[in-house]
Amino acid sequence: MGDLLGVAVLGAGHMGADHIRRLDQVVSGARVAAVADPDRDRAEAAVAGLAGVTVHTDPVAALDAPGVAAVLIASPGPAHEEALLAAFERRLPVLCEKPMVPDSAGALRVVEAEARIGRRLAQIGFMRRYDAEYQRLKALLDGGSLGRPLMLHCTHRNVSSPAGFTSAMLINSSVSHEIDAARWLLGQELTAVTVLRPAPSAGAPEGLIDPQFVLFETERGALVDVEVFVNCGFGYQVRCEAVCEAGSARIGDEHTMVVTARGAAREEVAQDYLVRFADAYDREVQAWVDAARRGEVTGPDVWDGYAAAVVAEAGVRALSTGGRATVDLAPRPDVYATAGR
Amino acid sequence: MGDLLGVAVLGAGHMGADHIRRLDQVVSGARVAAVADPDRDRAEAAVAGLAGVTVHTDPVAALDAPGVAAVLIASPGPAHEEALLAAFERRLPVLCEKPMVPDSAGALRVVEAEARIGRRLAQIGFMRRYDAEYQRLKALLDGGSLGRPLMLHCTHRNVSSPAGFTSAMLINSSVSHEIDAARWLLGQELTAVTVLRPAPSAGAPEGLIDPQFVLFETERGALVDVEVFVNCGFGYQVRCEAVCEAGSARIGDEHTMVVTARGAAREEVAQDYLVRFADAYDREVQAWVDAARRGEVTGPDVWDGYAAAVVAEAGVRALSTGGRATVDLAPRPDVYATAGR
Amino acid sequence: MGDLLGVAVLGAGHMGADHIRRLDQVVSGARVAAVADPDRDRAEAAVAGLAGVTVHTDPVAALDAPGVAAVLIASPGPAHEEALLAAFERRLPVLCEKPMVPDSAGALRVVEAEARIGRRLAQIGFMRRYDAEYQRLKALLDGGSLGRPLMLHCTHRNVSSPAGFTSAMLINSSVSHEIDAARWLLGQELTAVTVLRPAPSAGAPEGLIDPQFVLFETERGALVDVEVFVNCGFGYQVRCEAVCEAGSARIGDEHTMVVTARGAAREEVAQDYLVRFADAYDREVQAWVDAARRGEVTGPDVWDGYAAAVVAEAGVRALSTGGRATVDLAPRPDVYATAGR
Amino acid sequence: MGDLLGVAVLGAGHMGADHIRRLDQVVSGARVAAVADPDRDRAEAAVAGLAGVTVHTDPVAALDAPGVAAVLIASPGPAHEEALLAAFERRLPVLCEKPMVPDSAGALRVVEAEARIGRRLAQIGFMRRYDAEYQRLKALLDGGSLGRPLMLHCTHRNVSSPAGFTSAMLINSSVSHEIDAARWLLGQELTAVTVLRPAPSAGAPEGLIDPQFVLFETERGALVDVEVFVNCGFGYQVRCEAVCEAGSARIGDEHTMVVTARGAAREEVAQDYLVRFADAYDREVQAWVDAARRGEVTGPDVWDGYAAAVVAEAGVRALSTGGRATVDLAPRPDVYATAGR
């Protein structure tokens, strides 16, 4: 397929470093050409041993570095808007980690900028769309054999939340994955959201509203419920059951090796999203590299990133009021098709 | 254990006839002594071949028939109040099918009548408490190893609804099982209810709001959600997942014989509650017979029947308004302990 | 169905006492009329609190006691032949625990005695035929949708073996269940047996050959393999996979409540055959009582008991020689149909 | 990690073409530098669109082509010995598809050639060692928490066998995977083999002995049984249960999306080994490329390839005689450690 795709990686933190490893050691057809991080030491550490990489503290400088033909944005969310716009100016294909832009106003500016160019440049990092189980479920729903989807029952559990995790982040960081997954699986926009708050678990940090039970309504009357529980203590569990008119389908029940000993049959539960979704990250980046080398951009688009931001904001409002919040999207530019295609 | 318990069975319809068969052929220690049904032919057919049974059209006459030492009420719900009060007068132990009394005012009169007598005479037919899986879950929750329960996720699906089934009956007939199960499993009263209505399935009869998604709040802040879908088309599925502070537990995933053929591993799904809960019915009636022969009454009590009626009424209100309805219980007489003991 | 069936129970040990409890408290239509045990105290203890029971030290006296219309033999195996013949003489319906008769010569005498009478009087206690999962597998195989069965893979594991359990008893006590189940499921006689001996587990008592791997050939070329491991330490597991020309079917994978906690999804494994097969014992005895009250005898017959004895003897020979032993059955009297009908 | 590893691929058939795709599009750090196939058109088609690849009909010429630093042998088995020896001469790291060399005499010559060089050059393509489930099982067994392994129960089923598949190939092509997996999982050599032949399935081609049931004994007394059934009709199933002194562990029960519809819960079964083991092939080749770039060779070695050849030959003998065949290995050169390390 020709030369390796030279990638500028913006951000050398946990996620950026993991993507550098992936571009170097896992996926085919790409190489790291530049890295940028305000912390130059961290940037240098992340590319130690790699040849032909320039190191920057200014992300824009990285975009202009020699050999850069594409950009992977893994910096903190607030830096994404500026980086996306700079990449758009240079017409560089971008893979941007989620959240695309944390606030809906900024997200809309990104939509408008790309729409003005008139063709897609960015793929947004909703990696669940690249998970084999989710793809199987999507194919089943699209195939139509089970009829119209009526409800999605979702579970999103983490062992524990990192320091500084707020009640709003259960919505706009954790549930944002379900927001995109629901839009994509159903091919519908979400129109309203309600957040229920059971008595918090003793296992959650003081003051954190955890678990939450989030209810989404969709434009064609489906219901999506999400249990989000980020201090469940026992494992990382992501499940989804689609209930349709003629049957239901469920993914996410771990089933690997069954060990029977001492009176019980046991299966290990993943402790970490990087374990559960390792393959999805690999396939996401490989798909982006492959498309970029063909001169294309595929996968989740900036409209998906924008819609997720608007829904998450409505969710945070619903959390704080205890009531129902509606989702109000701007008109969709023609360059973007329907939800979750 | 001495003589057989002579039972008067009131009602000889589907359920009554099944209980007659059970008393005669399945459980130990009892015999059918009398049967009553307004349709004498039906009553006679139900006891054909049994010796020593008197047949009545008047339920009260059946209570006074020779050899009657206990009453099993399987007549339609509206007839229950009068039958219960007549049995109380005669101090006969009663097993009363659900709903105990369809309206909460009548249910309260039953509570008050038994409370005046000052000891328990009636066991209410919430047979899920006698199902092995539910009992296992109850024992786990009571044992405390998983900490406090935060949420119950419940599923209640039927292949199809009988003729004349109304939208309200999804609450007061179907979900009434989950109402009792939740009160019992959690040992808490339910305090409010909200009913969400996804776009109805094309598989449901015109005008029936099916599925529904019902949310209960409890007195100590737990959340109970129930998907009820009575025209799901594929099987009878009753599941419950209890999410607790230190783990979760799930029952109701069928697992019997796995047949692998033609590209898939398949397990049969029960089509009928009489299949899924056959053992529970047998154990319920056996437990009642055993207790009655010891001069005792155990199991779900009339307070449980009353609370279920009040919660179901609130659910039907919530269904019609689309909002949240609160549950207002009368003061609990001392003879009844806390919820779901 | 008329009067209760008066049963004489021979043997008041573990199994006899459990059957007395079952006749009294679980199954419908029967009562204990007499009990016999060489240890009179044990016999009296087993029927304490029951009315109308005579207690004997001589089994034959129990058969002649007032009210006795049927016999349940739960005495030690060596006493079975005499008890069966005495019951036959009196034309009493019998339920005889396995082994019917421990040695094939004695078993053949029982066959001949019943054949001379010309109709069935005895049901043999192969209770797996009454287990819901085995019945489902049998129905599937008989239905023919998977084609001809080619292989059965069986597992038979116990937590630990009782004191005095010998290497031969893994065959003639444990695997005897699989011998009958295989004959019944396949509807074929077993024709040869080979026993393989992996290095014994450190968990087995010194000198006990445990586990063993037993291979049976059948008259129409199917293969049956059985892992028998009676000191596996972790649970009681009985599984069977039937591999057919067009698919396979598997029973015996426990699946009850799934508890997820501390990094694993766990399901409890039964520790005891009385837990795993409790329902099967209940249904076996109920079926026998029901048939006896109709004047019939159904279920496994004495030919099944005889065939199991001959196959087990061949298995013990194969165990001791390390080679293959053939199974040589006497001609089958006309009163008995083909294997496992 | 520096420059891309230039690989000569020998053989451009089904497997060779798949490895060319993998080197080009999936794994990181390698590129195809040369390809050889007696059918030049096929070789050219397999590398169409790739830059910098030379095409050859002579495998030795491919080894000497510009840019070649490593060799992947995917030609038919009979060509492997010559290719391996030529690669050894050039001290090129090799990944050789199984069978390493079809006959044990040739396999031994390869062992001796590499042993003379005194260091490892070849990795043999037993890709199950790179499957996540097998690795989990290996780690569990090595960890020792379940005690010593006593038995392995293995299943190897294919939908249907390709044209020309012989009864011997069930052993030396299909079961050869289990031969290596058993040696690796147990860390023991296999010492004897017996093959049982149930009546063939009507689904198997006329004359093919299918299924077969293969029993291996190991040097420390474990037992390995393998059901191999290459015309099972319903799917590709590879399972392994390790029974140990303190518990058992099972892998290979497919569990992906559960679809409940029309009275059954269904899971799809893989139809093809390229689906079931796609990840394992990817990880195998990536591991080989990574090691080669570090100047190392890891994974299954030529002794493993030799041992598999000897055991398979014994298996074919046992199949033809119906008896037990012993496995006689040459002395193991010091450069190779114990079985399956």
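Residue numbering begins at 1 within each chain, and the chains themselves are lettered A, B, C and D in the order written.
The rule is short, and it goes like this: contacts are C-beta pairs under 8 Å (C-beta built on N, C-alpha and C of every residue); 3 or more make two chains touch, one makes a residue touch a chain.
As the structure is a prediction and not an experimental result, all values here were calculated from the model.
Visitor: When I count C-beta pairs in contact, which pair ends up with more: B-D or B-C?
Guide: Ranking B-D and B-C by C-beta contacts puts B-C first.
Visitor: In terms of CA centroid distance, which chain is the most far removed from chain D?
Guide: Using the mean of the C-alpha atoms as each chain's centre, the farthest one from chain D is B.
Visitor: Based only on mean CA positions, could you tell me how far chain B sits from chain D in angstrom?
Guide: Each chain reduced to its C-alpha mean, chain B and chain D end up 58 Å apart.
Visitor: If you average the CA atoms of chain C and of chain D, how far apart do the two points sit, in angstrom?
Guide: Computed from C-alpha means, the inter-chain centre distance equals 44 Å.
Visitor: How many angstrom between the C-alpha centroids of chain C and chain B?
Guide: 37
Visitor: List, in ascending order, every residue of chain A touching at least 2 other chains.
Guide: 233-234, 246-248, 260-262, in rising order.
Visitor: What does chain B use to touch chain C in their complex?
Guide: 1-2, 24-29, 49-51, 132-133, 136-137, 140, 145-146, 246-251, 253, 255-262, 268, 279, 286, 290
Visitor: For the complex, which residues does chain C have touching chain A?
Guide: 233-235, 237, 254, 260-269, 271
Visitor: Looking at the complex, which residues from chain B come into contact with chain A?
Guide: The touching residues are 147-148, 150-151, 153, 196, 198-199, 201-203, 211, 213, 215, 220-223, 225, 227, 229, 232-234, 243, 245-248.
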